[in-house]
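Think of it as A, B, C and D in the order they're written, each chain with its own count starting at 1.
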Amino acid sequence: MYQTKEQEILPEYWYNVVPDLPEQLSPPKDSSRDSSSIELLKQILPEKLLEQEFSFRRNERIPDEIMDLYIQIGRPTPLVRARNLEKKLSYSGKIFFKYEGATVTGSHKINTALPQAYYAANEGVEEVVTETGAGQWGTATALAASLNSMRSKVFMVSTSYKQKPLRKQIMEIYGANVVSSPSNETDFGKKILKENKDHPGSLGIAISEAVEYALEKGYKYMLGSVMNSVITHQSIIGLETKKQLELQGEEADVMIGCVGGGSNFSGFAFPFISGKAEMIATTAEEVPKFTHGKFGYDFIDTAGILPQLKMFSLGADFVPPGIYAGGLRYHGAAPALSMLVHSGRIRAEDVGENEVISAMRLFSGTQGIIPAPESGHAIASAIRYARQDPASKKTIVVNISGHGLLDLSIFSRGKQ
Amino acid sequence: MYQTKEQEILPEYWYNVVPDLPEQLSPPKDSSRDSSSIELLKQILPEKLLEQEFSFRRNERIPDEIMDLYIQIGRPTPLVRARNLEKKLSYSGKIFFKYEGATVTGSHKINTALPQAYYAANEGVEEVVTETGAGQWGTATALAASLNSMRSKVFMVSTSYKQKPLRKQIMEIYGANVVSSPSNETDFGKKILKENKDHPGSLGIAISEAVEYALEKGYKYMLGSVMNSVITHQSIIGLETKKQLELQGEEADVMIGCVGGGSNFSGFAFPFISGKAEMIATTAEEVPKFTHGKFGYDFIDTAGILPQLKMFSLGADFVPPGIYAGGLRYHGAAPALSMLVHSGRIRAEDVGENEVISAMRLFSGTQGIIPAPESGHAIASAIRYARQDPASKKTIVVNISGHGLLDLSIFSRGKQ
Amino acid sequence: MKPRLLIYFTLGFPDDQFLVKLIRDMPDGLVDGLELGLPSADPRYDGPKIRLTHIAAKSRELERFDPVLRVCGERGIRVNILSYYSDFENNERNILSFLSRHSVHEIIVPDLLIDYADIADPFLKKLQSAGISYIPFFNAATPDRVIEKYMRSTNSWIYYGLQPSTGINMPLDIQSVVERATSLLRGRDIIFGFGIRNGQDAARIIEAGGHGIAIATALIDDINRHDADSVVHKIEEYRRAIDFVV
Amino acid sequence: MKPRLLIYFTLGFPDDQFLVKLIRDMPDGLVDGLELGLPSADPRYDGPKIRLTHIAAKSRELERFDPVLRVCGERGIRVNILSYYSDFENNERNILSFLSRHSVHEIIVPDLLIDYADIADPFLKKLQSAGISYIPFFNAATPDRVIEKYMRSTNSWIYYGLQPSTGINMPLDIQSVVERATSLLRGRDIIFGFGIRNGQDAARIIEAGGHGIAIATALIDDINRHDADSVVHKIEEYRRAIDFVV
């Protein structure tokens, strides 16, 4: 990263998969009969973002200012041949990992936080608002706001707020105002607290609060996944990976990533969609949206303020078990990704906590990196794949969406 | 980092400054009259390391196996132009930072841990032993041992052991056996515990215990700083930096780093020593070895098992205040660095806690990186330098020895 | 070629008499064609304003709309019919006979390629054998391979939606959308619709290479008020805007 | 040229009679020279064995050593004197007259360039005006610019230490150390000392281009036991080892 040769690896354009999908994406759907929740997006999202969201240009030029910021935050991120892991697994093929944990905020989330904040700042907005579950999105938002000289407000799911003081602290270092959700700062939050003052919160609730707050105050809302423009921004992961493989004379046979809202997986895999690589989208066994969810229209947020999207979903009111990988708890998955899983182009796989933790241990002990528990799911799938046929010569490329230095407690769960 | 172009940046040789010093380095000195504590090194250090320590070849070839490991752990590390910080400071020159926090263990310590562990493993050693204060060295040792299929044992200064459970956890993930020092596993530790069962420990004590333990069991000891061979290994920082600046057509006017034992600063700055760049070695106001220490022979460890070195020292029995930057609490500084400070080639500067914390906040808010508190000292010096003459066109290059994600508590200290 | 101007009305809204009168009194040559929507129970890709017209239209008995179609015929105005496939499915025979009764040979089915892609091929065959031309409805979200496929199975002009749904106004770079559409659909006439807000937008579409525009939501309020003069006045404005370009 | 063999003794150890006898009875041509150390209060760069000889030698009255120097003169054995600067400093006049009394023209001062670099220049001037040649003592830690400087201020042969202090045996790549020294000190004779353990080491030094070796610690135990035969026997072994190379 940050090398002189960064220009060789950084793409000039983001890639939007929509023109290359097998079928047409269903548009977002209004939730009510006589008002447009789609038009409501105009109030809470930066104009430029919406323009990107709905024009579906295959190649979306990355503005110079954002390119500079990308370099500042650590792009291009490394693509590493996991030689030690290969050896440990006696795998005859190659395993590469793309390491998004190398960004300064520690995950891929900054890839979209930067353009979103930049567009908002360009429109003269003074404050951006968002929600966070695991904390990664809130962290990215906070830094992106700070880099664009705006304030930021983060509604943090109550359980995380309690369990992850370090996350809160980082956001505050970046200047964010962090509140526990459900909160008393929105009507929706108040309503929920009234019913249960110890409500543990959920991502759906936090999104609803953030949207309400942004609407109320005339601020802009930042969305961390699911939307197509977010996935377009994240394509920088896959575009870099493509170039990095190319420069090494390599080709991906299998691409693996984890899925929360679908942004890191899609950003990583979509630039390869027209090729032949096998693709595996890994979800948490506890949030099996692809294997047990329904493919159809469902709400983005619990309160139903935002439009519905056609996607795999476990239901907008799905209350996930308190799993360690907060970023994978979201009920749905981005429409384009959902379509490609539905069509069979991408294979879905669930992995459980024990398998994930031992995969993470194996990875840390051989490659040194402490992966985010979310990314641990992708690693588990990769290890599963390599073990199924150690004699295979296939090149596996796995996306490690973030580091887990602030989520170390998970390892204690996996102790025998 | 890890790019195809890594070969362009990674040096083939480490650089040993000794042949280029203005005067001859004083050799280590035996502590007792009729036994050789220098020869004792042969029992606890790998032969190859000692050979490097005392042959002082200007260029020391990096073995291929270590080069591969260097790439695996994230070398070359990025050299980043801190454009956002420059803007914030209205500084007319350029500020670059070399970011050692980008290694998988989060600091420069892995640069020497890898060769030390590799040499030990080549001699058939099954376990390596060391001490750790801040935790960074223990972390690097633990991973280096794991990557070379050895066990590791870490004596962790008692206060850190209590205050930094995350550090302990990471070392354990890498397979280390971590004990609080003073411990009951060595005679020296027992003796100290007998006098004060709540002794907070110190780096000098922990070194003594680790050395005693290694001697007792016939294991090898890993030394994290101070020794010349360690500084030679760390030269990879400066050699990369040199190449990275060159590739960008830049030249360093000022080089700044923080000093604990002196390894990160020396590794960073020494490859530039024959040039004209101004050099600033920053120490903690609370451990002002250069400004208030004595330049002369003193012990490496508190128990006096190891030889004496001619260096700036506050005394081997110096008990530092419980400052936040554990890595800067060591009483001495590497002989070659001490000589160059003594000769005036390198300027020493002390900075205090408040200045460091506000420098870290400024840096995090503009560049996104949470630096290690140790590195925060270098950043404070750099900011001080830039503020003294904002119209200057000088290129400041500062070494950020590690990230501070596991030391976030320090920010609470700086809260108004 | 002269830029074309298409106007959309939902049949049955605000009532049949008003539509008949409006069309009968329309100045000669003002519009190049009418797009008449069959009221739908689930107009999923329409914005709130047009959604309202579907609700207001209530009845879906097609005979009721004969007078409107007849006046179009009398005045020689070219007509195409818009029907959601979800409605067509259950009413196939009636719709086909309605079309043939009024010699309408063109149909737009906005949800076909999105929600019914898997049965689109037999459906198109059926239209073909009924002598009806399928007007592809594409928008910025239509994948290249879908466009290529349906370009091959029809030689109609194209209806191109600028927005994800009618009537809403998302920020839009008209120039780039139109240029992309015309380059993908080279050789076909493309009429752009969905969310054209004013004469300026309209002109920009033609300038960028579009062959025509379709106006709908912009007229709904006036129609709802039964204000025929105002409707005609607005249509004239669009006419002037696009004619001026050439 | 024949490789040279230098032997080091600390004056006064184990006692003057033994040294006199040892030197007197030494076979002709066995050694090319002797390096005689003045007992030091702080032999800081010596290992434990030689440190012991300094302690044992106790007295620092130079007259006591006249008989040893005399027998060297009688046998025509070339001699140089080793003195720590820390001792020289306080005893300058006596040492200089001791040297002149025995026509010794060469001196080695191991700590000069390390701990007294700043006063080295006037000291060298003083030696020069006393007609004494300064033998630079370098080792692997001596910086290039120090070597260059003292190469310019003397044309003596060079004493090169292989180890950080005498007598200790650190792991060492003899070949690379000797090659580096000979290439840096091109044109000068270099005698290597400090930690030569056996004939094999000695031979390797000569093979790598060294001009001679100096032996000290290897003999101390035998000297301490007053075992002259054994000392001579060991010296002969080194002689054979280095002569065999050529």
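Quick note on the criterion: contacts are C-beta pairs under 8 Å (C-beta built on N, C-alpha and C of every residue); 3 or more make two chains touch, one makes a residue touch a chain.
Note that the structure is predicted; figures quoted are calculated from it, not measured.
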Euclidean distance of C-alpha centroids - chain C vs chain D, Å: 106
Euclidean distance of C-alpha centroids - chain A vs chain D, Å: 72
Gap in Å, rounded to a whole number, between the CA centres of chain B and chain A: 36
Chain-level touch network, classified as line, ring, star, complete or other: line
Chain-chain contacts as defined at top: A-B, A-C, B-D
Residues of chain B defined as touching chain D within the complex: 18-30, 33-36, 38-39, 41-42, 47-48, 50-51, 53-57
For the chain A and chain B complex, residues of the former touching the latter: 1-5, 8-9, 68, 71-74, 76, 78-80, 83-84, 99, 102, 104-106, 110, 143, 146-147, 166, 169-170, 173-175, 244, 247-248, 361, 364-370, 405-406, 408, 411-412
Contact footprint of chain B on chain D as seen in their complex: 44-45, 47-48, 51-52, 55, 113-115, 117, 140-146, 163-165, 167-173, 176-177, 180
